[in-house]
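My questions all concern the structure below.
In order of appearance the chains are A, B and C, and numbering begins at 1 in each one.
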């Protein structure tokens, strides 16, 4: 049995590291580093849900940790790395709207407002560290949004989207766990989305014919090539 | 039973499409798919006691609202399938769509129909959210089948805007779950259960949750300021796909907003939520009508008009009286039909001139009389001219808004008028372009296949007939919906 | 002033001056290993200093008294700064010279004179180094101030003695785990202030990348030895501050001979580990373009502001 105070401290540290990983994602520009940062961030979330399990003893948390580990630490980074190998572009060349510095300062401002908003709303519902956690999770969502807004390359946009999604997952871990079926469906949906967007990123990078032959993987699975 | 039937029909059609080799077979299958859906849901609406819950699953149910929306969507899909064969053949001949993408196109089309139908039939907010995400993906696939690199950009923009906004919705959904867990002990996301317990939810938190949910659903239906993907996507997609996107997929966001608003409606958060809806609605109308003024592209101006109409529907829902919600629902049907007519006509014009730009159009009356008629009738309908279908819904929503605030009434009237002017001016320019004197242009006429003409004829008749005589049966259904939603 | 303070002055200063070159050597050694080289002997910095002290001092004919005075000024300022940071034990609960603001502005004073000498020699390299150094310090300033003000807010004192007193009693994470963010920000400050990768490259004399090296380029002989010692002491002080605030295990809580000896050992171990960590960090990153350095600082600032929001408004 883990001491709950210690577990709570551990969870706080993990949360802080998760936000740190998002801050690093905002400033980095080479795809490989971004993908590994995302994998690390997801792994921290896995640890976090295991930590929460130590407090809550809700077996759903362990299952979520397991499927997150499988999908976000292994499968999605694998897909992204595979796509990156085939792209000509290896890093983000220019930023739109904001430089990373501006982006990070914006994240700070966003966090301030989110914190003010949520500590106001949640003050009635006493659940320990809830308002801190909720605002950190929503801050992560906004940081992902900022990444999407300030980057031009599709792959970095995907990383931004995934960061947002991690924020939502974090939020749901602390506020309310939905049922298992729904969590699994959401992950499947996420993987489909990543595959499709990765294909399109490849399409922008190469010719339209190559893109369409990639898009028709469906036919190849059935073993028949249509002319 | 109903759900199993819907699923089996969908799965069978998908399997057969995967096995079939000719375009004709795929097309007939899709047509059969949509027909079956229309039949099943119409039967359920007429004969079965609604709301109907699926046996053995908490995630599916069918009430009047869901059935009505599925019916509208299936009709749109049916018309699109009818139109599709000739249109796609012409695209393939012009090498705008590679032949090898044909099967993928039909698979995505049928998957889109299944996802649309099941999203309206899901009893659970999270499941609804997942189906909504899936429709984004399938629509994006439909957009990228064309032989143009811009389409990939457009589809990516669509995916990113829709999906990121939908993540905000998911935050709202989790909050709602949290609220229901506080009220009942075990949380639930079922529409029916949420409606039951709504009165005990904390209004402040419910409002926050509603606003988060609103972001994503508004993005899905192209409400400003989350609309930026819509004009691009609808303009670049093949016309039959634009029809499906504007006529069926866009409705899903509005449907979700209506459902969640019905929950908020039972608490004291109603006033604030209602002002947000009216505000976003009028803002959308304003943005759309002002953007329409400078459009030179047939499909883009029609797409912007979708944003305008979603805005009006949102205003209608936001007013939250029985009358306004009733007419908003009628508006959904009217808009889907009128918008389909416009995009189908625009599709024929696109095949005639192989361009959507107004300046390429010459001598349209002589070359494409039916499409011209379709455009004229469609335009008259869409701006809300009296004998046509959209007139009454628009009129009543505006009148209801007048009861809320006279200032907003005039504001909305002003923007609607601008939209009318923009649309009218555009059509005038389109129709008055004749070949320049002296310079003899010989444009070969695009032979419109019979099925495409048939689609247009059906729609022109429907728009006019329903405008003159709105069936009392539909009125009963909409009445039942409004009662179910407790407005 | 009692004998404990006298002992503190002597011991603290002696340890700081004696250990500073060693840590330089450790960082270099770790970097060499990371690059697959054997590297110079661990004590090479001491040999270098001994050699430099025997060499003749040459000063540019353009140089004024500033160039001649700066080495002595730097070393004296740094030795004074040493007093602010308790390395082994605390002579008292508070002190007049343990102020964080004073400490950082002493370092800034040394920096200022170093930048002046860069200009004073009249060489192009020196001027370039000075201008870069000054603009980078100006950008780093908000991060440094915010970090220390947050520390002051959390521990309710500006006094380094007070802060270290609290952490050595309880450990920082029992105060609040969120302070790990401040630790990360402090690491950014150490890297920036000691002119290390990715802000500056201490290995090279390439015109494009030099900042710190460009300023001391004109010095030679004894002057260079003093400047290098001052730089090494500065690095040691920042590392000691980091260690004593964020990793206070083993710090002597009572000024007895045994616990001070233990404290010396633990400090030696921790500082070598930290120096090795810095070396590894340096090996794993690439030099940033000058215009992208502020982005690196911005990450630190972000972390600090996050801490402020979480700490101040809770």
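Following the convention adopted for this analysis, a contact is a pair of C-beta atoms (placed from the backbone, for glycine too) under 8 Å apart; a residue touches a chain by one contact, two chains touch by 3 or more.
All of these numbers come straight from a predicted model, not from anything done at the bench.
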item: Common touching chains of subunit C and subunit A; value: none
item: Taking each chain's C-alpha mean as its centre, the one farthest from subunit A; value: C
item: Where subunit A and subunit C are represented by their mean Cα positions, the distance between them in whole Å; value: 36
item: Whole-Å gap separating subunit B and subunit C, where each centre is the average of the chain's CA atoms; value: 64
item: For subunit A paired with subunit B, centre-to-centre distance based on mean C-alpha positions, whole Å; value: 31
item: Numbers and ranges of subunit B residues touching at least 2 other chains; value: none
item: Partner subunit C, residues of subunit A touching it in the complex; value: 9-10, 12-13, 16-17, 19-20, 23-24, 27, 99-101, 104-105, 107-108, 111-112, 115-116, 119, 132
item: For the subunit C and subunit A complex, residues of the former touching the latter; value: 173, 176-178, 180-181, 184, 294-296, 298-299, 301-303, 305-306, 309-310, 313-314
item: Residues of subunit A touching subunit B in the complex; value: 121, 124-125, 138, 141, 144-145, 148, 154, 157, 161, 164-165, 167-168, 171-172, 175-176, 178, 182, 185-186, 189, 192-193, 196-197, 200-201, 203-204, 208-209, 211-213, 215-216, 218-219, 222, 226-227
item: Sites on subunit B touched by subunit A in the complex; value: 18, 21, 98-104, 107, 124, 126-127, 130, 133-134, 137, 140-141, 144-145, 147-149, 152-153, 155-156, 159-160, 163-164, 167-168, 170-171, 174-175, 177-178, 181-182, 187, 189, 202, 204-205, 208
